[in-house]
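In the two complexes below, subunit A is the common chain; its partner is subunit B in one and subunit C in the other.
And now, the complex of A and B:
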């Protein structure tokens, strides 16, 4: 008790710099929770201005011809749903609306495929209950799942030289329930070389780029959908042309949803109305602003809180220094 | 009550468990509680068990077992294939990796490790050039403008493809300044990593200091995006607890599906 009484009183500057960690966490939880609930109730949409790398990704994905095949290389787990999950859902919605076939696999973690399957099932429910209803995307006819490859580097090296050798041993059940090789499926039957794939889209919070661009980057357009933490590193690959498009975490997913809603006109303006065929059309009248947009208001609030706490800490430091003088 | 994935009750139980586990894990922010330790162990156990199962069903069954034992078609149109017994040789080879735990026999583990290192080394040389070659090539940029008539890149709106190609082929003053900044940054950062000699001249010392400063700016950007990622993950978990579980799943359960 005496010790406490002897303790010198903290100045305002010191107090501002020593806010307890638990109080900060609690404030963050409060701000995020309230903003999420408000955004959900009131349908708050924060506008975004897509970056060039997101626009390039959208232009490629939006212009894959119907019936062609692309690859989704997933590293998405439930833990990374806040970023990669949003990107994955938006990409799946686009591919299903464009009737683009896709091959899905992982070499990050075996559970990634299970997570992707649950997302496909969720979007299929959306399509079934849409007005007017849209046909569900079916395994074997519209997409195939190759599962988990424990050594992605070697697998991709083989894909680059002989795709049929790399994936030839994989089996899937066809619509009649018979087990058959994946290259007999409508998804892969016309794919003989890696160049026949129209895009390679890794959606992962981990850094897969050194492995992917060095093996298949010269043969197929690679569009990376990475976590925000990986963006600065992967931007080098985009600037050097090794990546044809790049999404920056949650921000990138919001931009992608925004592009799905507005499109890019003939002059390259997002949401513009220039005459001529658009560079990448929108999906009018469909559910474009989805999970990422739901998160965006809370994200902006959390960033504002971060700025305020930095400001408070700096003001505290300034006051303390002034007091010391 | 039948437990199927379409069953609303099952969905609710699943989501409730998810919400409890999410909040339990977050108790670590207060202090390392027993709830957190229990959930951490549960997570690791589940992940290890699930990975083992999926490794067999998704990988080894098709890529190794299926090739080794082959398959006879049960129905017309189904896949059939002769078995190739030689695939069995992979089993002792893979088993040798586990001898690393024995002091007497751990020399055997070097065989599979050596094979893996050999494969990786073989790929590495070619892949290094594929990975960094385009980046090195892209770092060599022109700094002298080819068109001095205007400062910035003109708008391409409504132009013919030929006119757009002309604009793309020109280097305007603003682009040249950008390239110059890029090159200066590159050279400064590279000079910071020259450790084989002491810099005697003021110019080189300043260049190296600028390189360090620029690196700090880069690390700052990486730190900023790291925070963005962490916020994104927290927001997702809070969305799951407040919206998906409490505001959507619970009322659906109360209403009876």
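And now, the complex of A and C:
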């Protein structure tokens, strides 16, 4: 009782600087949850201005000819669903619409392949239930899964030197249930050298770039889809030309969805209507603004809340200093 | 002429058919040999261990140094005959790379196994001796065993020898259900929860540490705020519209002085002229350090390598 009476009363400045951790956590939880629900229910679309690195990525991915093959090197787990998950879904949607075949594997974590399979299944359901229905993407005919490579560095070294030797031991069951080498599949039957792959897309929150660009970067266009925290580091690889495109976490995924919706016209303007063949066409009338756009409003609200709390702390510090004088 | 000859390798000791007895025997023998080598190394005298590890490390490293440094043959095929000793080495390097890669995959897989064995040894020991917080260890062991059992059971029922190929859209026998429940239902959601908790810590840390205490802190905070604002699409678009309305440049228009104050341009300037060069410098420093460390490991002069 005496202790409570002796306790000096906090000034406003001190109070503003010492907001309890629990109150901060609760505020963040409330703001993110409410904004996420609102965004989903009301379809709130926050505008975005795609960066050059995202536009470059989109131009390459959008212009892969039908029936050609690319690689998705996944490091996506559900821990990074907010960033890599959104990027993965947008990329899969694009590839399936363009009828581009892909090879999927991981050397980050064994679970990444399982997570990717779930996403493929989800988008297949989306395609099946679309109006008009679109054909599902089928393992073996449209994509192959090579699984987990414990040592990605040496595997990529061999891929660069001799892709058929590197993946030659991998087998998959064909649509009839017979086990066959993956190079017999429609996905890889025409791939004889790494240069035959039209793009190499690592989708991972971890930084795989030093390994990837040094092994295959000179032979196939590498487009990195990384987490926001890795973007500044990987941006150097983009600026030096070792990466042909780069997506910046959730923002990059939102920009990619926005580009799928608007396209890039002949003058390089997003959503422009210039005459001539567009540099990268949009996908009109399809579900382009998806998971990333759903999350983006909540992300912006969290960012705004962060700025407000930083402001509150600094105002408190200034008030306290003024009081001390 | 069989153009796809390389797709159907002859059934030799090295290419035993999936599911065959020979393959199983090979796997078991290789596993036992691998374990024997690992445990053997752990029990032999240190004086004998050191030269073995140093030699193996040097040879392994030397192979990959050669891979990078030695002139590579372009469009090499296995039927080509080398014209000189340089080409002989080059051809050997290229033809042996897939074998070395496969060996590396197996070796790294074995290391994963070692990790699992070590984890089990530690936690089973804690459970048996009833150490503090032993129920957590028990949970870990049970989770690992149950996940492994259902994982293999599911795999075997879908893709094992003689199994009909099932898809995610077309499950659902018991092992598939069990695996889906454990992996999709529990694990990946817990994984997401663990990661999302970081946001709360970052939020609290930013509130307490981002204070204008000095000139350096002010510059840092100012830059961070600009970058954060640029990540918010609505703010970015709104800011740039205001600048454009004040006489700045629109997309494709001739640049004006006011155009410098577009948020996107400020962010690009920070990104291209402040952030990237700084990170590049740090990366160069790290790479040189890594190179020095790699050389020490390769040449066997790093103390830790000798066990």
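The rule is short, and it goes like this: the second predicted complex is superposed on the first by the 325 of 325 C-alpha atoms of A that agree within 3 Å, B and C clash if a C-alpha of one lies under 4 Å from a C-alpha of the other, contacts with A are read in each partner's own complex, and residues count from 1 in each chain.
Operating definition for what follows: a residue touches a chain if its C-beta (ideal position, glycine included) is under 8 Å from a C-beta of that chain, and two chains touch if they have at least 3 such contacts.
Keep in mind that this is a model prediction, so the values were computed, not measured.
Chemist: Do subunit B and subunit C fit side by side on subunit A after the overlay, or clash?
Modeler: clash
Chemist: Have a look at where A:309 lands relative to subunit B and subunit C in the superposition and call it first, second, both or neither.
Modeler: second
Chemist: For A:213, is the partner it touches subunit B (first), subunit C (second), both, or none of the two (neither)?
Modeler: First partner only.
Chemist: So, does A:58 touch the first partner subunit B, the second partner subunit C, both, or neither?
Modeler: A:58: touches no partner chain.
Chemist: For A:157, decide between first (touching subunit B), second (touching subunit C), both and neither.
Modeler: After superposing on A, A:157 lies in contact with both subunit B and subunit C.
Chemist: Just to be sure I read the superposition right, which of the two partners does A:37 touch: subunit B = first, subunit C = second, or both, or neither?
Modeler: first
Chemist: Considering only touches as defined above, state whether A:25 meets subunit B (first), subunit C (second), both or neither.
Modeler: Both partners, subunit B and subunit C.
Chemist: Thinking of the overlay built on chain A, is A:80 touched by subunit B (first), by subunit C (second), by both, or by neither?
Modeler: Once the two structures are laid over each other on A, A:80 reaches both partners.
Chemist: By the touch definition at the top of the document, which applies to A:232: first (subunit B), second (subunit C), both, or neither?
Modeler: both
Chemist: So in the superposed three-chain picture, is A:143 touching just subunit B, just subunit C, both, or none of them (first/second/both/neither)?
Modeler: Neither partner.
Chemist: Overlap the subunit B and subunit C contact sets on subunit A and report the shared residues.
Modeler: Dual-contact residues (subunit A): 25, 28-29, 32, 79-82, 111, 114, 149-150, 154, 157, 169, 171, 179, 181, 184, 228, 232-233, 236, 239, 251, 267, 299, 302-303, 306.
Chemist: Over in the complex, which subunit C residues touch subunit A? Could you list them?
Modeler: 4, 6-9, 18, 64, 67, 72, 76, 94, 97-98, 100-102, 104-105, 107-109, 111-112, 159, 164-165, 167-169, 183-184, 187-189, 191-192, 194-196, 199-200, 203-204, 206-208, 210-213, 221, 225, 228-229, 231-237, 240, 251-252, 264, 271-272, 275-276, 279-280, 283
Chemist: Show which residues of subunit A lie in contact with subunit C when the two form their complex.
Modeler: The touching residues are 19, 21, 24-25, 28-29, 32, 46-49, 77-82, 111, 114-115, 117-118, 120-121, 124-125, 136, 139, 149-151, 154-155, 157-158, 161-162, 164-166, 168-169, 171, 173, 177, 179, 181, 183-184, 228, 232-233, 235-236, 239, 251, 254, 267, 269, 296, 299-300, 302-307, 309-310, 312-314, 317-318.
Chemist: Across the complex, what residues on subunit A touch subunit B?
Modeler: 22, 25, 28-29, 32-33, 36-37, 40, 79-83, 85, 109-111, 113-114, 147-150, 153-154, 157, 169-171, 174, 176, 178-181, 184, 205, 210-211, 213-215, 217-218, 227-229, 231-233, 236-237, 239-242, 248-251, 267-268, 274, 294-295, 298-299, 302-303, 306
Chemist: Contact residues on subunit B for subunit A in the complex?
Modeler: Contact set of subunit B toward subunit A: 29-30, 47, 50-51, 54-55, 57-59, 62-63, 66-67, 71, 75, 77-79, 119-120, 123, 126-128, 130-131, 134-135, 137-138, 156-158, 218, 221-222, 225-229, 231-239, 242-243, 247.
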